[in-house]
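Should a chain be cited, it is by its letter among A, B, C, D, E and F, assigned in written order, with residues numbered from 1 in that chain.
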Amino acid sequence: MKVLTFGEMMLRLKPPISGRILQTDQFEATYGGAEANVAVSLALQGDEAAFLTKFPDNLLGDAALSTLRKYGVDTSRIRRGGPRLGIYFFEKGASVRGTNVVYDRAGSAFATSKAHEYDWNQLFDGISHFYFSGITPAISAELQATVLAACKYCQAHNITVICDMNYRGKMWSPAAAQAFTKQVMPYVTVCIAHDEDFEASLGIQAFDGDMTNGIAQRDSFQAGMQEVIKRYPNVKMVASVLRNIYSVEDSQWTAMILSNGQFYNSPQYQMHVYEGVAGGDAFGAGLVHGILNHYELQDQVNYAIAASVLKLTISGDLNLVSEAEIKHVMATQGGSAMSR
Amino acid sequence: MKVLTFGEMMLRLKPPISGRILQTDQFEATYGGAEANVAVSLALQGDEAAFLTKFPDNLLGDAALSTLRKYGVDTSRIRRGGPRLGIYFFEKGASVRGTNVVYDRAGSAFATSKAHEYDWNQLFDGISHFYFSGITPAISAELQATVLAACKYCQAHNITVICDMNYRGKMWSPAAAQAFTKQVMPYVTVCIAHDEDFEASLGIQAFDGDMTNGIAQRDSFQAGMQEVIKRYPNVKMVASVLRNIYSVEDSQWTAMILSNGQFYNSPQYQMHVYEGVAGGDAFGAGLVHGILNHYELQDQVNYAIAASVLKLTISGDLNLVSEAEIKHVMATQGGSAMSR
Amino acid sequence: MKVLTFGEMMLRLKPPISGRILQTDQFEATYGGAEANVAVSLALQGDEAAFLTKFPDNLLGDAALSTLRKYGVDTSRIRRGGPRLGIYFFEKGASVRGTNVVYDRAGSAFATSKAHEYDWNQLFDGISHFYFSGITPAISAELQATVLAACKYCQAHNITVICDMNYRGKMWSPAAAQAFTKQVMPYVTVCIAHDEDFEASLGIQAFDGDMTNGIAQRDSFQAGMQEVIKRYPNVKMVASVLRNIYSVEDSQWTAMILSNGQFYNSPQYQMHVYEGVAGGDAFGAGLVHGILNHYELQDQVNYAIAASVLKLTISGDLNLVSEAEIKHVMATQGGSAMSR
Amino acid sequence: MKVLTFGEMMLRLKPPISGRILQTDQFEATYGGAEANVAVSLALQGDEAAFLTKFPDNLLGDAALSTLRKYGVDTSRIRRGGPRLGIYFFEKGASVRGTNVVYDRAGSAFATSKAHEYDWNQLFDGISHFYFSGITPAISAELQATVLAACKYCQAHNITVICDMNYRGKMWSPAAAQAFTKQVMPYVTVCIAHDEDFEASLGIQAFDGDMTNGIAQRDSFQAGMQEVIKRYPNVKMVASVLRNIYSVEDSQWTAMILSNGQFYNSPQYQMHVYEGVAGGDAFGAGLVHGILNHYELQDQVNYAIAASVLKLTISGDLNLVSEAEIKHVMATQGGSAMSR
Amino acid sequence: MKVLTFGEMMLRLKPPISGRILQTDQFEATYGGAEANVAVSLALQGDEAAFLTKFPDNLLGDAALSTLRKYGVDTSRIRRGGPRLGIYFFEKGASVRGTNVVYDRAGSAFATSKAHEYDWNQLFDGISHFYFSGITPAISAELQATVLAACKYCQAHNITVICDMNYRGKMWSPAAAQAFTKQVMPYVTVCIAHDEDFEASLGIQAFDGDMTNGIAQRDSFQAGMQEVIKRYPNVKMVASVLRNIYSVEDSQWTAMILSNGQFYNSPQYQMHVYEGVAGGDAFGAGLVHGILNHYELQDQVNYAIAASVLKLTISGDLNLVSEAEIKHVMATQGGSAMSR
Amino acid sequence: MKVLTFGEMMLRLKPPISGRILQTDQFEATYGGAEANVAVSLALQGDEAAFLTKFPDNLLGDAALSTLRKYGVDTSRIRRGGPRLGIYFFEKGASVRGTNVVYDRAGSAFATSKAHEYDWNQLFDGISHFYFSGITPAISAELQATVLAACKYCQAHNITVICDMNYRGKMWSPAAAQAFTKQVMPYVTVCIAHDEDFEASLGIQAFDGDMTNGIAQRDSFQAGMQEVIKRYPNVKMVASVLRNIYSVEDSQWTAMILSNGQFYNSPQYQMHVYEGVAGGDAFGAGLVHGILNHYELQDQVNYAIAASVLKLTISGDLNLVSEAEIKHVMATQGGSAMSR
């Protein structure tokens, strides 16, 4: 069992602590991106994971690649060449000042890569699961075609496809997202959708847009999840995180999966958030880990949400925790006495 | 429309994060001071703002001046010369350990500047609004005379005077503050007073001194505000922030203005405070911005409190936010989803 | 009146902020250890305090020793020589991710020191109070014998013995701890025990192990404290901190002492914790300070808990606060307006 | 007298000290670019200087612009809008490991700006001198046309044109550079050319390419400078820096100007280089300062080389020194006793 | 062709820049050790390299292992378990203050590992070259036996053995080193020895101990190298670096190899040293790279010394350079113009 | 034997590395001052040393005092109270950019202290040697009187007086310095004078002011030293450092003492200077150490210059080296192989 994730990994530049770009003379440099984050999480949890992207053949591409290698991801499929590494600036907010992302990813090696550079026959060698998020097709029309080609290959070769909708309003419109989603969903076995993803990516009304009040909308989320399966009966599981986000530091998190016609609800976590990014990717990786390791469905959602909230306690896009650490949180539901 | 603010800008030295002076081998260096903070806020919000002070003619004076310039403040009126730049040490507290300020401002270029160095005729050229806080006259008797001279000039030349009481117990006594306030208030059009300012600077009983319980005292604040206008009918507006400060990180903020005989109350914010300094200056600048831009009175107080609480999310004395960012908080009342 | 504390001081290595060891390329270096922490606290509060340990005769030993000297501890009794300075790695958690300690203290100069290196006759010269915690005997059998020898000397020479149980599950078993405790308790005048210490070190059932719910167990704590005095009538005071620890940042703290057959309860503090380590040592030092300075019993517990919660606001093992600062918190019970 | 410089200012990202991109998790962030560097230098030396470019209308554009403002540059002509801010990564070398620059400037707001966005009639209002370097036309064909249009405007309106050849092999070929140079030189009054610039930009053989041995080639430099004036008699001054660069830290610097048929040689400096970038821009700014302030020709070259070598002692692209500091080095020729 | 290196990798703790342990509150944390350094160098130069050691099964072991993985080393053979990760403190000197190393490596997982934990039959699968330095046998008698067992396996299975003498006076005596060397040399094909190694490890007089004057002793080095081959005719190559070390920053480096009865001398480098550690390991890796890639003998020594001096420009134990970068230095012999 | 040194210790604020005040947002904070530096050096070399000053009774005073305590200085004589702690800003230069000091010491607790606050009878209890530099009397007329009173006490009680001329042109004029020197010299036993001190403080022509060429002026230094003894026959030793300072990093150092009519010359050191401050204080402390420990006269000068040059390798005002480290440099005359 080996997972291939496909997407873009960028250089992330962040002022220290909660500083503003206008006042900083220093950026913390890390590397991340939805599908890369998932690959790293899986590798750290002990699964076999490979990441596929295209990096420029320069010092920045080397640094991104070595980050993946550091955490045990198989980087042997990665393409090299092309113009530049995508960048995103991350201005962590505080309290009522929301976190702010400035994308500088246009024209990257990955964004300008062509479908023919991806020989799926070779790239899927030894792969049992394929994971991508809605960010990858949002990058270019070429990548939409590329993802579709990969999904078709998967269907033909019995590779499980997992898709996290991961809608990004700064990258494409709901109309564009929905058009692509309609094409790709028939190939998807596990569908992850949170909050606005239902409407923006799937065109399904499930969430009213009030991020301070997601958890109370469990019923409409459930209806939305059922609608996904109704539309795309090939989907065997729909998974979703529900949140009440009160401020940058203060939020509540819970999750739900629908599988075999039944809902499984995780416990709810009251979080003091250290860095509220990539919690969805951590959830996705936790979910995939549970699938790969044949957890019970209830354990799958419990494990995935524990992985997700742990990410909120860690700096950078990557969820630097082990399976044991996730299981510890899953077991204690967040009690955190010191171990000494 | 152009605002001139008049006061002292100091070098602020702060141990990293919440460290203590006793344990640090490093200070974060920023520059701030009530009236300089207001000028920077106004400039960043797109208003014309000039700052008047006296800086020593050395590398520290250059650095303070260039900070103002960086954020778009007109520095052409600033005097140079004199002994030293004032300093203050800022030991940010945590939880029950209160933040601690050690002033080292005695003998500064500004504190030792003389009234005759300020040629108001020339300095007020092109100015429509004059802003100072109670800190400026607290510095020296000479500066009290200077402020009074400026106010008289304003009255004679139809320049609006805005005064933030800004009482500092480490700088002068209530008796001294009240004596000066009595002299200056007849020239003031907009009077800003918070918490202890009412009693210490104005001699008006409005707040019982319990900083954990300010908001519940709305009635006595209102009475106090009415008393200000009763005593000084020239005052067209009184504005005040009400707070419950539970700990260094945890507080609630709201504001109120009295104008044309009517009270306007802002929404209330539940804050996780990142740095609890200069919130009053940010409020003052927000208020002046609303006045300059002819906001409705209700919008004036709503905008000013949004500016104020945004400051609590930013490191340093300066409120590094734009008008658009303040309006976003004003519109969402603090909901802070990430923008990406 | 002069206190001698006896134990190990280690180099503490901590990634910045809440970073993980896996991702850091930098460690904050401080020095600490239960009994050293107590000596530093006492010295900073104006008491005479000496620390006894053995440091290696190298640059690390010099640095540890100079830290003690910096804060006014008498270091003249400290032995030099032996293999290495003990180290511990401290990975501060966040929210649901608990703080993690990795000990690297085996084979240290202190751990391998021999009983004959401690000439109590000379070392106790001028000493009125002797303080150690359960960590010291947990290090080696030799140190158990050494502590016992010291206690016997104290009894014979009218030196008050204060013992903080301070059970560490990574260092010894409950059985080993209890065996030693039985031997040493007949010499102890002041016994400090928190949470699991009752059962692990004393074999007394007082706390059910749920760290999120300590305060509600006041009754069983009281029964446990009474049992201590029943078993060891030489004990004149039992002191205990009760806590509800909800997450790394969020907890409630209160304390209780039993003396002369009466319980004295402190106020309760709602804490936003900046660094949740060494709060027990700070409590111990606060308690000893109250004893040395003949505070009323109610003031003793109030002062000690104020010292303890102040520690939670400070980085590093050492409680860098003065008596005046502790008294300020004690007086305001945690209200923390800024002083300026 | 007011200078307008025209070019691109980028975000510069540099690992701390001499670290490599592969090993860093932190970048020092400054802003620089040849013509922006010149504008800042002039402003700090007390001259009137404006900078013209196009910045994106985002937080990065704000930060770049505020850097210029900080140092006193007139930013009122700067265009806003377009895709992104150019970036360059700067890996400072050490000893035999050369400094390495990775450009990430393609697709920037400036690079994609159009000739029609620059209304020279308005932009040259109040300007007496126009400065650009060969980097600006190297960015795009559109910018070549734009620069030519500006130069024609200058000729028609009696504005002095200063051009620093500043050849960059990573940006365009010698053929492309020479083609443009031929077109623009007839409008240039002051021509600055160093080392490889002669051949690459002007097609004149003056330097054999051995950077460890530039100073010994004074004769061929002189011949090259004379050839410039022979080809372009409109040129009133040619200026050139000669260097022996032995390693990243160790080099010798001198300069020469040719004017009115005469050569003026500066003293030679033995440098321990702290950061070997933007020395040429500092030289250009020093030269322009001398011209603006009517220095004697010998003083012009002496002042310009002193400005240039001072830059080598400062971190970042900007030469943060005053006229007085440059004159001090010029007077002492590099003796550097401490002033206290 | 794949190289296996065998030894200890430690956590290296260094005060920033040239700070002293006594004054620092921060350590830079990197991971290094002679044989690990060689493996990393080889991997970065594009060779297949595996590292063998034993790491503790804790967060420090994880961090060391992930460092190797980051740079492309095959870590699949590494043992896990045992007490602790070895540490060394590195106090970089300056000028006349020599660099100071404090070892804290006793009792590490590797140092206490047993011969039977290394199943050479399995560990050598796919390996063509075996590399170790004199540090490994200096750690314990058990490791001496282990190294010998490995060498015997190599001889029996046609695996080339490369040994860098790497004498460390703080770890064992010359007598002990020579006793082991005598046993192991009959299995060695490539012998690297510098400076004091000849006498301390091999008992051959070649260098008078004056580190400021190594290069002038070329003749006696040559005699020593010939003596190695005379004593151990199985040795096909002896390689040695010669240095004049004038101060921490200032030294000259050259190298020499003896093979097939002929000496090959590299050019000499004048170095401004940034961090003078692990230059010998970088030399060893460069030499092995040349062997693996069948360089001419003259190129082997030229390439190896270029790799070695490049290391002196990089912070940390690891030589973070590519083959192309080494070849660039080799070609320019240290001229270092900026590439832009 | 115990030394009392008397002077001012200030907070020193320095931008990181060689940064400028204009560009930094961070200051390294250390504490230093000539006589405090001497006391710390002596304590670290194992001598008994006490420091006398007056510190304000605030957090800055606490921090300065704890720095002294850290390094083993007896702080029991230090006065507390008064307005503020003196500060000096230290802008370390590079190459031709000289280091720059901005004093902000006016109005400090020490500068405003009064003669009657120093009860010499009590303060000299147990003291055998008294050390001050010319900086102390340069601070105020009151301190001149105070120093004279102390010297008279010393003469009457057989306490050796050591004076380092230490002329500071930013603090007083040569005329003022000479006037005081004339009064105090009759009490001085050991007189230290470097470079400009001879003329500025003593009115003796010995050095032509060219800091790049001090060593060649040995003869006139010798004549100057002899003149000191001729004028003040009570002086038993004159000591002087001779330097060629080529740039911030590059200088040569040697020293000379005259005693019993004979000159003793130290070896000469070629220095790569890491931080060129307080080398004179380090020399003074080395000299006193030699006197206290009855070194031979030749060893006294050799040891003192070794101490002095070691200081140039250390950051901050304090010479953080041990007697053993100084003796090692003295023995090797600067060869600096790594110890490992």
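Just so it is clear, a residue touches a chain if its C-beta (ideal position, glycine included) is under 8 Å from a C-beta of that chain, and two chains touch if they have at least 3 such contacts.
All values derive from a computational prediction rather than experimental measurement.
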Chain located farthest away, centre of chain C as origin (C-alpha): D
Residue numbers at the chain B-chain D interface: does the shared fraction exceed half, giving same, or fall under half, giving different? same
Label of the chain whose CA centroid is most distant from the centroid of chain A: F
Distance between chain A and chain B based on Cα centroids, please, to the nearest Å. 44
With centres defined as the mean C-alpha position, give me the chain A-chain F separation in Å. 62
Contacts with two or more other chains, residues of chain E listed in rising order: 17, 20, 22-23, 25, 66, 100
List the residues on chain B that touch chain F in their complex, please. 13, 20-22, 24-30, 58-60, 62-63, 66, 83-85, 87, 89, 91, 100, 102, 104, 106-107
Along chain C, where are the residues that touch chain A in the complex? 17-20, 22-23, 93-101, 103, 168-170, 210-212, 245-250, 276-277
Okay, in this complex, where on chain D does chain B touch? 66-67, 69-72
Could you please specify the touching residues of chain F with respect to chain E in the complex? 17, 269-274, 309-310, 312-316, 318, 320-321, 325, 328-329, 334-340
